[in-house]
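Following this line, the structures themselves.
What follows is a pair of complexes built around subunit A, which joins subunit B in one and subunit C in the other.
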Partner chain A sequence: MKHIGRAQTSLTNRQLAAGKGVFVSDIQRHDMTHMAVVRSPHASARIVSIDSAAAEAIPGVVKVVTGQEIKANMNPIFEAYDTEAMGAKGVVSYALCPERVRYVGEAVAAVVAEDKYTARKAADLVAVEYETTPIVSNTKAALEPGSPLVEPDWGDNILITRDFVKGDPDKAFADAEMTSSDEVYQHRYTGAALEPRAYMAEYDPYTEQLTYWASTQNPHPVRVFLAETLGIEESSIRVIQPHVGGGFGLKTPTFQEEPLVAYLARSLERPVKFVSERTEDLLVGGHAREMRLSYDVAFTKDGRITGFRAKVVADVGAPSALCGWGMSFVCAYSIPGCYKIENANVKLFSVVTNKCPWNAYRGYGKETASYLMDRVLDDVAAKTGRDRAEVRLKNFIPPDEFPYTQVSGANLDSGNYPGTLKRVLEMIDYEGFPARQEEARREGRYIGLGIGQELTPEGCSMPRSTLLGGYDGATVRVNPSGQVTVLTGITSPGNGNETAIAQIAADSLGVPFDQIKVIQGDTDICPYGLGNYSSRSVIMGGSAVQIAAKDIRDKMLKVAAKMLEVSADEVEVEEGQFSAKGAPARYVLFKDVASTVYRDCHGVAALEVEPGLESTRYFQHGNVYHQPETQGRFSAYPSWPNQSMAMIIEIDPETGHFDILKYCAVHDSGTVVNPLLAEANLHGGFLQGVGGAAHEHLVYDDDCQLLTTTFMDYTCPTAMEVPFFEVEHQETLSPFTPLGTKGVGESGVAGALSGLCSAIENALPHLDLRFTDLPLSPNAVWNAIHEAEEKRT
Partner chain B sequence: MKKSIEVTVNGKSQSVEVDTRMVLADMLRENLRLTGTHIGCGTGSCGACTVMLDGRTVKSCSVLAADADGRSVQTVEGLSTSAVSLHPVQEAMVENQGLQCGYCTPGMVLSAVELLNKNPDPTEDEIRHGIAGNLCRCTGYHFVVTSIQAAAKSMKEGA
Partner chain C sequence: MISQEFDFEAPSALPEALALLARHGDDATLLSGGMSLMPMTTLGLVQPGMIISLNHIAELDYVREDGNELRIGALTRHADVAADPLIGAHAALLAEAASLIGDVQVRNRGTIGGSIAHADPAANYLPAMLALGARLRLQSEAGERSVEAKDFVKGIMTTAIETGEMLTEIAIPKLAAGTGCSYQRLVRVEGNFAIVIAAAITEPGRKAARVGLGNVAPGPVLVDVSGHLGNGLDDAALAAIGDAAFDAAAEAASDLAGDANYRREMARVFARRAVQSATDAADAG
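Up next, the complex of A and B:
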């Protein structure tokens, strides 16, 4: 293998660095119109009336549309999950709300105008009369008997529950040498891709074709959702994904504006564009993470965990067609992570409130599971007086026990958790740290070291879901010139997977890297596939490319053998040349073999093969099962990358402010196709981990009004808040993918959550701090320090 | 209300008719079709819309187009002459993977160009300060900083 494993810069770098990328907002069409949305100012209300006369009177306004028109002409938005198959409650929601609103920002009407300023101004003039209804503002209130209901038809505010049991937890607690209990809280935040959401649609009434450009991660599923929601044929829709300015899960369908833009373009027979403003994206562009987790842990005096109970209560916001609420399920599903606990019980309560619905965000619930388990292990270490790393090493699933079935039924494919942890401790000089800490103290500085252990299942495949499936497709086409076009069902939201795809194709075919062109993100051109999420692109898409390439290579080997007058098993191919094994001087060029197949199909060499050099194949992951089992368990994640992280911080106890001095990680995602881009992805994960741990917070008041609606109050970390990162890879191959790949893209977002908690605690041991609530804002840290100091005096 | 302004954009002087409420970013993107200037927030907080106005970086979402009257604007498109001859900062970004989705990149590049114009040999800390007004959600800034370090080196060698 020449290209797999090679650090290769991304194929899109030059165009993007030149500012010549094309994002949806950059596209102009003749006669284009602009859409602006009228949003609910209330978290819970009935729509009494809508008066659009003032808006319609403004010159340049083309149309005002309301929920009643939408309900009369469109189906409810098609759901990402098959809620019935999941044992969850579904929801009927429309592209515009016809009768009532359930969160601030939910779309009730829209204006189409000749320019975006007019559209915005007219939208502000649409007069909507509301009758407010009682609000469900948090999970505690939501679960109280007699609480108002977010969805009156449901009978309660619970979207999904689970109760996973392994062994005999009650007995484990009855027999326990020691126990501890606590509750941890993960606050609400989101991915905030720098490019806000954007959609544009154009309808050609003569061909009855709808062309739809979207800043999306999933063109083919978008096409299905549009077809189902609009009640039109899939074949009449072409979805194109131009460059995407970051996704992180949040650009998975279906938001209200997506079918709305399509509907308006069809009914007006003019192009309609919608570009979300930042405030709109923070308000309704998908939230994530708000979960409260309580636990009881039973353990021996030397820190071996014998029993565990966890309860996850998630505030998923209002229910929607998006796949976000699934993160609560995946959180419970991933507990207890890397640890072998024979007696455990994990309960899930996924609760709806009048806040913005969740959408998928990098981590997809696993980060909160990792955060919980780190806090549990640190608790056990503190209670037993053992070292934090030692306690982890004592409780890890041993490397020789894979595949390992976790409490939820999850089938962990492979892993070597002690390997990554031990290595990262070496990188950060764990042994030498106490001396360093001592020395710093003498200088009046407070430094601390934290550990974060992540388990990040990838390749999500949920039963009967249109969006989340354990397969993908690819076409490999060798052209008459010998150059290669690869078309994939997976897409890149800007993370460079097309480059890894080209590397896999080059090796699988035996051609130079620069002979490969990768095309993604166009439903008229590319094979059906599910796009990008759950770090599936290289796992699923890369494997499909490999299978399709093998078809072509086998065929070309036969033709080359005839040309070389040897048998096919005596021929090999590398870097564009077929040669007789052991006699490299006897060769034919790849391009000449391709030419022979296309130009001389009745000639001697190609007569016995089917003409054409094109194959479309699908990869189906082996490590998934959806057949019903006890407790509703199924295996939704085929591969289980993991990462150990260690970080050193310095804190100023006077202000609560801390700086990260050193940040080390050892990641294991099996075979690494492109170490440069894998590392680049991890860096992004680290940043979002630090952002989530200490900087980013979506804050609601008691009336469910979002207070953080701009980048001035939703503060993303800058280059000043993070250091250089030190990353190494360990490669424990997946036994279930042809290359042993496992997926990279979500790792890094979890480790900082717990790692920074424990680093701060470690920096100030005299205060006996224990952080259980995020974020670690300077204010929160300062308060914790002062409370602890008061307790001491 | 419309107003006609005279503005030099990437070395070419032109008159543009703008709405007086229009911000510079929109004028560049919509009137002049220079879509390399991106909009990430519209409130001056993310830096995606960074351009040079009379040689100094500004956030073009927070400057009125009319205020560019009589002045000179440089956008990312003005930094390179063709696909094979990018500005050294852009080349360094390409070679060192200083970008992923590329949405922040034009603004990031212009901030880096301004930084290196003022300080050809910046420390890591000075680089981080220099791009502190440019948010990136993809890269974690690591390879952005190493790219700017590489650019500083190549510009010094080239000078």
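Up next, the complex of A and C:
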């Protein structure tokens, strides 16, 4: 393989670096209009009346639309999950709320105008009268008997529960040498893509075609959802994904504005564009994470875990059509991660409140599972007086026990967890650290080392979901001139997977890299596929490309063999040249073989093959089990990449401020197709992890009003907070993909969560600190230090 | 998005601007770099009826010496304040305060006059202005007056500037040779507003020292710590300086970046560090 494994720079670099990318907001159409949304200022209220007269009176306003019109003319928004198939409660929601609102920012009306300023100005003049109703502001209140209900029809505020059991936890605790218990909290935060959400639709009444441009990760599912919600045929919709300025899961469908824009374009017969503002994106663009996890752990005096119980209580916000709530399921599903615990029980309670609904965010609950397990392992280490790394090594699933079935039924494909941990400890000089720590201490500096262990299941496939499926498609087309066009159902949100796809295609066909052109993100052109999420682009899309390429290669080998006058199994192809094995001087060019197939189909060489050099194939990932009754288990994730990280921080005990001095990681996603882009992906993940651990926080007050609606208050880490990341790869191949690849896109976001807690604790051993709440803001860290100091004196 | 319409004027000379201000009074809002006004307008927090841009008034963009003072035009951009050789030589504390504002784009655009007149409790200049003993020149069509920096802020984003007046110049006494200064701030992420600011000056021979504190009260607070310098800067002196700052920060408020108690404690830490560091700087010559 010449290209797979090569650090190829991204194919999109030149265009994007020049500022010549085309995003939804760049697209201009003749006679285009702009939409602005009227949003609820209340977290829970009934809509009494809407008076749009003042808005309609403004010159330039084309239309004001309310929930009543939407309910009369559109179907409810199609759900990303089949909630019934998941055993979860579903919700009927519309592109605009017809009767009541359930979180601040929920859309109740919209204005279409000739320009965006007029649309916004008019939207502010739409007078909505509300009658407020009781608010469910947190999970504790939501679970109390007699609590107000977010969804009155549900009878309670619980969206889904699960109870995973393995072995005999009760006996394990009864027999335990030692036990410990604690509760950890993962706060609410989200991704902050540079490009906010943006949609645009245009309808041609003569061809009855709707063209829809979206900053989305999933063009084909969006088409299905639009068709279902609008009640029109899929074939009358073309969804185009132009460049996307970051997705992180948050640009998976379906938000209220997505079908709304399509509806308005159709009813007005004019193009309608919506570009979200930053404050809108922070308010309603999908939240994530907020979970409280309690645990009991039983272990031997030398730190081997014998029993474990965990309870996950997630605040998923108001229920919606989005796939976000699934993160709570996946969190519980992923516990206890990398560890072999024979007796365990994991309970899940997904609770709805009057906050912004969750949408998928990189990590998808797995990061919180990893955070929990890291805190548990650090707890066991502290209680037994054992080393943190030693305790992890003692409890890892051994490398020779894969595939390994976890507590939830999840089937872990392969892994070598001791390998990544031992290597990262070498990278950071774990053995030598105590001496360095002591030396720093003598200089009056406090440094600490933290470790974090991630397990990041990928390739999500959920039963009967239009969005989340364990397959994808690709077309490989060799043109008469020998150049190659690859069309994929997977898409790139800006992370460069088209480059990895081209590398796979080049090797699979045996052509030079620059002969490959990759086209993604157009439902009229590309084969059906589910787009980008769950780190699936290379494992699903890449595998589909490889299978399709093999069809073409096999056909061309036959033709080339005839041309070379040898048998097909005596021919090989590399870098655009078919040659006889062992006789490289005897060759025909790839382009000449292609030309022969297209131009000489009745000639000697091509007579016996079917004309054309095009194949569309689908890859179905193995290791997914949806039929417990026949397959004995339910397992939604086929691919289990893992990572060990270690960081050294310096803490200023007087202020609670810390700096990351060193950050090392060893990642294992099986075969790495492009180490440069894999590492770039990981850098982004690390940064989102550090942001989540220390800086980013969506804060609500008791009335469920969001207080962090700008980047001044929602503080993302900047270049100034970024340490230098040192990354290595271990390659433990997946037995379930043709190349041995596993997902990489979501890795890196978990390690820092507990890693930072652990590092600060380690820097101040005399204070016996224990962090269980995130984020670790300077104020929070100072409070913990201050409290510990008070206790000591 | 700014969806409300407003009238816009961009005079090219100061008298013209002052005349517009006199005519439109409180209905007019002055625009210089726009680093505060634009976001606030975008968020709908202010809805100006008229915006008068000062960006074409070249005569307000200057740094010059005038005897024992430096005079800085209100339209001087932060990047220019940070890089100006006169300011570097005679009021290094101010250069440092400017260099830590926002990010490169903000410093290239934002102006010293705009920031001071906006009087955000967390903004960088005012604590330094207090420590430096700056005077602010306020001009109107009717005349002009000078206000001490310490008398300038009346409350959160409320200043001594009256209707029809404009801040046009900042006058700063040149620091004597041997003066120590240090600008210290605690931030959650770089580029954001500070949680606490301490800007310290120690006079030659440690005859006097003062600390301007930021974001621990509705306005900047000046703490004179000269009385604690008697026996050099020993632990007791530093503790007393910290206590003085803690007491001076009694009005500290809580927000998302830090609670009131944390702010007061950080005032203690940063005042102490700033004085120590200013003294060290002076000793190092």
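In this section, the second predicted complex is superposed on the first by the 788 of 793 C-alpha atoms of A that agree within 3 Å, B and C clash if a C-alpha of one lies under 4 Å from a C-alpha of the other, contacts with A are read in each partner's own complex, and residues count from 1 in each chain.
Criterion: a residue touches a chain if its C-beta (ideal position, glycine included) is under 8 Å from a C-beta of that chain, and two chains touch if they have at least 3 such contacts.
This structure is a prediction, so every number in the text was calculated from the model and none was measured.
Participant: A:725 contacts which: subunit B (first), subunit C (second), both, neither?
Facilitator: First partner only, subunit B.
Participant: Counting only touches as set out at the top, which of subunit B and subunit C does A:783 meet: first, second, both, neither?
Facilitator: The second partner, subunit C, only.
Participant: Examine A:277 and indicate which partner it touches, taking first as subunit B and second as subunit C; both and neither are also allowed.
Facilitator: Touch status of A:277: both partners.
Participant: Touching A:246, do we find subunit B (first), subunit C (second), both, or neither?
Facilitator: first
Participant: Touching A:436 in the superposition: subunit B (first), subunit C (second), both, neither?
Facilitator: neither
Participant: Output check: A:708 vs subunit B and subunit C. Expected answer is one of first, second, both, neither. What do you get?
Facilitator: A:708 contacts subunit C only, not subunit B.
Participant: Go through the superposed model and pick first if A:18 touches only subunit B, second if only subunit C, both, or neither.
Facilitator: first
Participant: Just subunit B (first), just subunit C (second), both, or neither: which does A:766 touch?
Facilitator: It touches nothing on subunit B or subunit C.
Participant: Which of the two partners, first being subunit B and second being subunit C, lies in contact with A:195: first, second, both, or neither?
Facilitator: It touches subunit B, and subunit C stays clear.
Participant: Of the two partners subunit B and subunit C, which one touches more residues belonging to subunit A?
Facilitator: So, of the two partners, B touches more residues of subunit A.
Participant: Which subunit A residues are contacted by subunit C in one complex and by subunit B in the other?
Facilitator: 117, 277, 710, 712, 716, 718, 720
Participant: Using the touch definition from the top, list the residues of subunit A that touch subunit C in their complex.
Facilitator: Checking each residue of subunit A against subunit C gives 116-118, 120-121, 124, 277, 279, 654-655, 657, 695, 697, 699, 707-708, 710, 712-713, 715-718, 720-721, 777-779, 782-783, 786.
Participant: So in the complex, the part of subunit C that touches subunit A is made up of which residues?
Facilitator: 1-5, 39, 43-44, 103, 186, 188-193, 195, 256-259, 262, 265-266, 269
Participant: Show which residues of subunit B lie in contact with subunit A when the two form their complex.
Facilitator: 19, 21-22, 29, 33, 35-43, 45-46, 48, 75-77, 80, 83, 86, 90, 93-106, 109, 124, 127-129, 131-145
Participant: For a test of understanding, state which residues of subunit A touch subunit B in their complex under the given definition.
Facilitator: 9-10, 12-23, 25-26, 28, 117, 191-196, 243-246, 248, 277-278, 493-496, 676-677, 680-688, 710-712, 716, 718-720, 722, 724-725
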